[in-house]
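Two complexes, one shared chain (chain A), two partners (chain B, chain C).
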Partner chain A sequence: MIGYILRRLLQSVAVVIVVTIIVFLLLQALPGGAAHAILGPRATPAQIATFNEQNGLNQPLILQYFHDLGNWVTGNFGFSYKLNQSVSSLLWERLPKTLILSGLALLLTVIVAIPIGIIQAVRRNRTFDYIATALSFIFYAAPTFFIGLVLIDWFSQKLPWFPPEAPQSDGIIPIFQDFDAMVLPIVTLALLSIAGFSRYMRSSVLDNVNQDYVRTARAKGASETRILTRHVLRNALIPIITLLGLSLPALFAGALITESIFNFPGMGLLFWNAAQQSDYPIELGVVIITAFATVIGNLIADVSLAAIDPRVQL
Partner chain B sequence: MPLLEIRGLSTDIRLSRSTVHALDEVSLTVEAGETLGLVGESGSGKTMTALSIERLLPSGGDIVGGEIWFDGVDLAAASEQSMRSIRGGDIGMIFQDPMTSLNPVQTIGEQVGEPLVLHRGMSGSAVHTAVRDMFELVGLPSTERSLNTYPHQMSGGQRQRVMIAMALICEPKLLIADEPTTALDVTVQKQILELIDRLRVERNMAMILVTHDLGVIAGRADRVSVMYAGKIAEMASTTTLFAWPRHRYTEALFEALPERAAGTGMELYSIPGLPPDLVSPPPACRFAPRCRFAIDRCRTIVPDMEAVPDDSLTEPGSVQEFACFVPCTGPLLSADELVARHELDARPVDVADRAWVAPTTEVPEDGVTLLRTEDLVKDFPVTAGAITRRRVGAISAVAGVSISIGRGQTLGLVGESGCGKTTLGRLVVGLEKPSSGSVLFRGRRVQMLRGAEAREGRRNIQFMFQDSYASLDPRMRVRSVLREPLEIQHVGNSRDRNKRVDELLDAVGLPRSAAERYPHEFSGGQRQRIGLARALALQPALIVADEPVSALDVSIQAQVLNLMKELQRDRELAYLFISHDLSVVRYLSDMIAVMYLGKLVEIGPAADVYARPQHHYTRGLIDTIPIADPAAERAKARLGVRGELPSAMNPPSGCRFRTRCPAAQEICARIEPPLQVGGGGIRPHPLPTSSGPASHLVACHFPLNTEAVVHKTGRKGS
Partner chain C sequence: MTFSINPAESPDDSDMNVSNPLHPGEPGELAEVIALPTGLPVGKPRSMFQLGVEVFVQNRLAIVGVVVLVLAIAFCFLGPLVYPTDQVNVNLAIVDLPPGPGHPLGTDAAGYDQLGRMMVGGQTSLVVGFAAAAIATVIGTLWGAIAGFFGGVIDGFMMRIVDAILSIPILFLLLFLVTIVQPSVPVMIFVLGLTAWLIPARLVRGESLTIRVREYVQAVTVMGGSSWRSVLRHIMPNVIGTVIVNATFQVADAILLVAYLGYLGLGIAPPATDWGGMLSDGTQNLFTNYWWLIYPPGLAIIIVVVAVNLVGDGLRDSVEVRLQRR
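Now for the complex of A and B:
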């Protein structure tokens, strides 16, 4: 088990290194290069040459890469000239907020979607199932920005229940003190995944209630409730666990659209603004963090799968 | 009063567009402590009857009429609450497939103990103790640790033991066993049936044994009910039913069994057509459309149950009941009598009925052996580790097998699952590459052929799969399925190919219109005909048939076997016929080869191997396989192969069968016995084996009948 995790972590490092190479090369391919982006369009060739000289940008690519890689390993992702702040301090500031928003949305998803899916499967082709199915199709199909705007219009403008903007404070504690403002962003973010996960759960439970082992349990005299809680649930959760694990990277990367609608200062908004202003060091940092989150998410999914399903051996 | 009495039970299954009348006026009784066999083909309603008793019908299923009296309660009218207390309490149930019938994420201890929690209100260590006692009883390790085992960590036989423990832990009065051994290997099947029987007698429990296998019924049931198309056709004591069935359906079932015709060279009787669709069953006798003896009355009036005295039961008033207007007038014929009758009306094979007689293979008849394998070895590496995938061992699937098949001959390959027979078949076709040794087709190594020659070579050996459904592309029409091999091999132009498709459908007895339909529109037997047609498309000289009939019902199986035999006669086809069912192999084969754990242990002429097996494993297999004869079944009750197949990863040293062999001695572990005439150890001057391809070889230090042979030669000497 521990050996397996260590091996997987080693694999993760390899994956992340490949990602950094790709990102590094992509950034090199950008028109004008880093100097141009930082010094602005009116920089003279002499200024650019000086800048390149100072920052080692005239060295061979491979040396530049290893130089950068060394920096990344020590947590130094460069300096954002646009925001006049080091990228790592920006990430440290934004990451916890994004984790709170996405994490709470994921929690809400699990709490709501799994019971809905189970009820739908148990009462399939009845009124509740039809309504839930219709709603999940609507939320799955509707663009996030549309849902977000509708929620703001209804629950902030027409009914003044929640503020339309997310908390703007710097720390984490103030976010919880101003939790009213978090409700709409969390709900917006969760609705889409609730729609998806309730469908997965419904079909997973349906797959299981027709299995032979359920008939066996019935032949033992178990009640329907017991069959559901003792036998079906654990089996039905197996595929869901994997899907949840795969959705972890989104937790780190942040929700680009939701964060910009509610002006929530998380990773998504950071990335969005950086992309618009060609702030390459920030983009690079966010991509590396996301790559890392992806491999870790996969690892967590696999480990929890082994915990719930005895057939899976690590 | 009987323990269970079903009166006029009718069950419907509502589908989205139609209603299947799965059971129609079924009546039967089970006395306390007796075993009732419920036999029939798929769709006959035998499982539906079992599920109706427990009210465990699939969704859409409902009891629409009749009563089920069990122990003074009408189960058809009982509340769900009281049903729950009966299920797993007074009625225990065992299902067909122990793998899918157990919860994969719960320990077996938890699952076996659950009925105690539900019905006896027990908990904690009391449950543990009871479960361990039960494990002891069903022959499972009864340590605390084995309670924490998961189903996937056990073998199929052990899993079925878990199912039995679970069904019996609350000491039910009635046990319903629904095809309890169909998913298991023959050697395991016998041990499971014995276990169930022993526990049944010890606990004086009644049992309903649901099965399609007349052999299983013959050895285990006191009385038998034969079902057909949702109705009971006939009911009698086992001895009476097997000696003198009255209903024409029962008779036809017996005549379709390959073991009765084996060795006679006769065609099997095959019931024409298919079982009726129960959405709109035939109005009168349901068997009438397929019955040889049907008269007008059979098609207009529903036959009532008639009763004649049943002599073989000691109880007074026992009757044999049947619903047939034209019952059999005499007992079943024995195999010898069958041959005599066959010669009497010596009906020539109805070649005239077929529109087309196939051209023979393109392989010239020049005396070169069609197919030979030489010391064929296949190891599958076992790897471990996520990154390095280092090799930690090998599964020895095929270990030095040499066989040969002549033109127009059938070699039957038998053995338990896991013995390597399928791998050998795949090696012969070229679907696997041998680790060493070679496959020679007409003297040329198949692996050495390249390019066009290799493609040409593949035409000559074709494969017929076990699962006809999974092996046909569901989105291809039958025409495309049959044309594909011709296209790959660039045979003829488009018109020629379509003509060949028509010919192939004629040859396998399907209408030409079948070409425009999809595989799912056909029944299992018809699909297997399509599989055969596809294998025939390129006019091969050899067809490797991997369990081609094991998924089919007896009557359909007979149709396919007859067809295979007929095509062989027409085309001088050779078959490598792989099956676990010795009686089917015996019926079809000229030679029988027996494999055990990758090794060929015995090979010889079919009749000889079957009648005078020399290897203990062959003998055990023959004794283990249930045959439809109550007397024979009881006579060999105590015989057969014991235990389970060891792992092929570290096969036993010396003779691989020694761990299960009754005659094993110390030498068997040290020296691997060579495959030779008469068996025995390694001889300094081996006997000449060039006594033709039909010699009977065995790999055993202590072959059966050795003494007899010694005795005879000794007498000759003196």
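Now for the complex of A and C:
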């Protein structure tokens, strides 16, 4: 087990290093380089040369990479070109909001999708199953922003139940004080993953109901409820752990869209605005942080899976 | 966001479980594959293919998917011939008209006829979707086949690259790339293709790992055949079923991603557009109740993506049933 964790840890470190190399190469691919982006298109060659000199951009690439890597490891992602603030302080401000949005959406997903999937599997090929399947296909194919727009149209315009904009305040606590405004963003972000998770849960339960241990339990006279709750579900829920880890990148991307629809000042909105203004330090910081979070999430999922399920090959 | 949890790729019917999809046109190899693990009666290769087609045709939902797709393609590419509209010149005299005579779906904020715009925008979405999926599938298949065949250090290295790119949310990567390169249709195809090859790479790698230890591949090596021969002539034909099934899901993902980029204002530049870009334009009118600017492109995306997923499901079933009945 320890060996497995160490191996997975090493793998994760390798992945993070490859991410930083990719990000570094992307930075190199910028047209005209960072100098051009900061100084603007009308900078003279002399200005650019001075800038490159001052920022060490005329050194060999490999040195630059290790220099940047050193900065990133210590949490220094440079200075925003447009917002006059260091990227790490911006991330520190915005990341918690995205985590709250995504975390609550994931919670809602698990609460809704797992029961739906179980009911579908138990009452397979009945009306509820068909309706849920049809809905999951539709929501799975619906772009997040369209779901968000329709929700605003119906539940904010036609029926004035919720505000069309997420809480705008600084800090975390005001978000919960203005929770009405969080309902639509959370639902928007959750609907897509509910579609995916309920399908997965349905299949997972169906996989398990035909297993030998279920037949054994039934032969011993266990009631159907007991078989479902004590035998099938305990096994069927295991793959959901992996799915939670795997769904992180999609969740972050969905958060970007959701934040842009509802103008929620989280990391996704920060990234989108930065992308429109070519504010590269912010883009790089966000990409590295999200990739890091994803790798950590997958690592935690894998390790807890190995801890829970002895069948996993270590 | 579609990237990792396709409902159609759930555990009991995951592509991963298709250990050995068969290629219809390679009789010699087929017989070897079929005979290996089970010892069940061996069918003729041609009939295997026919069986697959039969299963697909019996799947009513898959046929509905095909029909919807054909209709959508006809609408986008033949529609403008039947219903020609000016989608280049802005006409400020007819801005934001509601649906009515002359403009069945109204007009948008630039005076473009919305129905005609749906056709033009759909062309972008469909062309980019299919082409990007094709590129991603080719790159991913080659990458995965090579990694899986060689194994060891090469495999480890190649798969860490895949892991790394997969851990960056694809939308973030795309947004970054389109700020570097001004998006046009070829650029979008290229960029989407270059970011979407990871899943096919993983699938194919997994399959090649299992196939390369099979006797008939080892026999090639023993007889002095090159590694490339093994990869191209033996591993590839055996993973083609999985690859084709995955390619359909790639098309669905690519159509959605084009829409996302368009929605975020980083898609194709006007006057060209795509369904996502149309939605983005329509968003500004959300609070004025110009519903015809929002619902048609949104529903079009959903309908086409559902259709593609249904076709993918049908294909997967036919690949799997061919395997089960062998």
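The rule is simple: the second predicted complex is superposed on the first by the 298 of 314 C-alpha atoms of A that agree within 3 Å, B and C clash if a C-alpha of one lies under 4 Å from a C-alpha of the other, contacts with A are read in each partner's own complex, and residues count from 1 in each chain.
Note that in this section a residue touches a chain if its C-beta (ideal position, glycine included) is under 8 Å from a C-beta of that chain, and two chains touch if they have at least 3 such contacts.
Treat the numbers as computed from the prediction; the structure is a model and nothing was measured.
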{"item": "Touched partner set for A:P174, first chain B, second chain C, both or neither", "value": "neither"}
{"item": "Contacts of A:P310 with chain B and chain C, given as first, second, both or neither", "value": "first"}
{"item": "First (chain B), second (chain C), both or neither touched by A:A222", "value": "first"}
{"item": "Of chain C and chain B, partner touching more chain A residues", "value": "C"}
{"item": "Which of chain B and chain C A:G56 touches, first, second, both or neither", "value": "neither"}
{"item": "First, second, both or neither for A:G70, with chain B first and chain C second", "value": "neither"}
{"item": "First, second, both or neither for A:Q11, with chain B first and chain C second", "value": "both"}
{"item": "Chain B/chain C common contact set on chain A", "value": "11"}
{"item": "In the complex, chain A residues that touch chain C", "value": "11, 14-16, 18-19, 22, 26, 29-31, 136-138, 140-146, 149-150, 152-153, 157, 164, 192-193, 195-200, 202-204, 206-207, 239, 243, 246-247, 249-254, 256-257, 260, 271-272, 275-276, 278, 283, 286-287, 290-291, 294-295, 298"}
{"item": "In the complex with chain A, residue positions of chain B that touch it", "value": "54, 56, 59, 84-89, 92-93, 95, 97, 100-106, 114-115, 118-119, 150, 152, 163, 166-167, 385-387"}
{"item": "Residues on chain C engaged by chain A in the complex (per definition of touch)", "value": "1-8, 10-13, 160-161, 163-173, 175-180, 252, 256, 259-260, 263-266, 276, 279, 283, 286-287, 289, 291, 294, 298, 301-303, 305-306, 309-310"}
{"item": "Residues on chain A engaged by chain B in the complex (per definition of touch)", "value": "4, 7-8, 10-11, 210-213, 215-223, 226, 230-231, 234-235, 238, 308-311"}
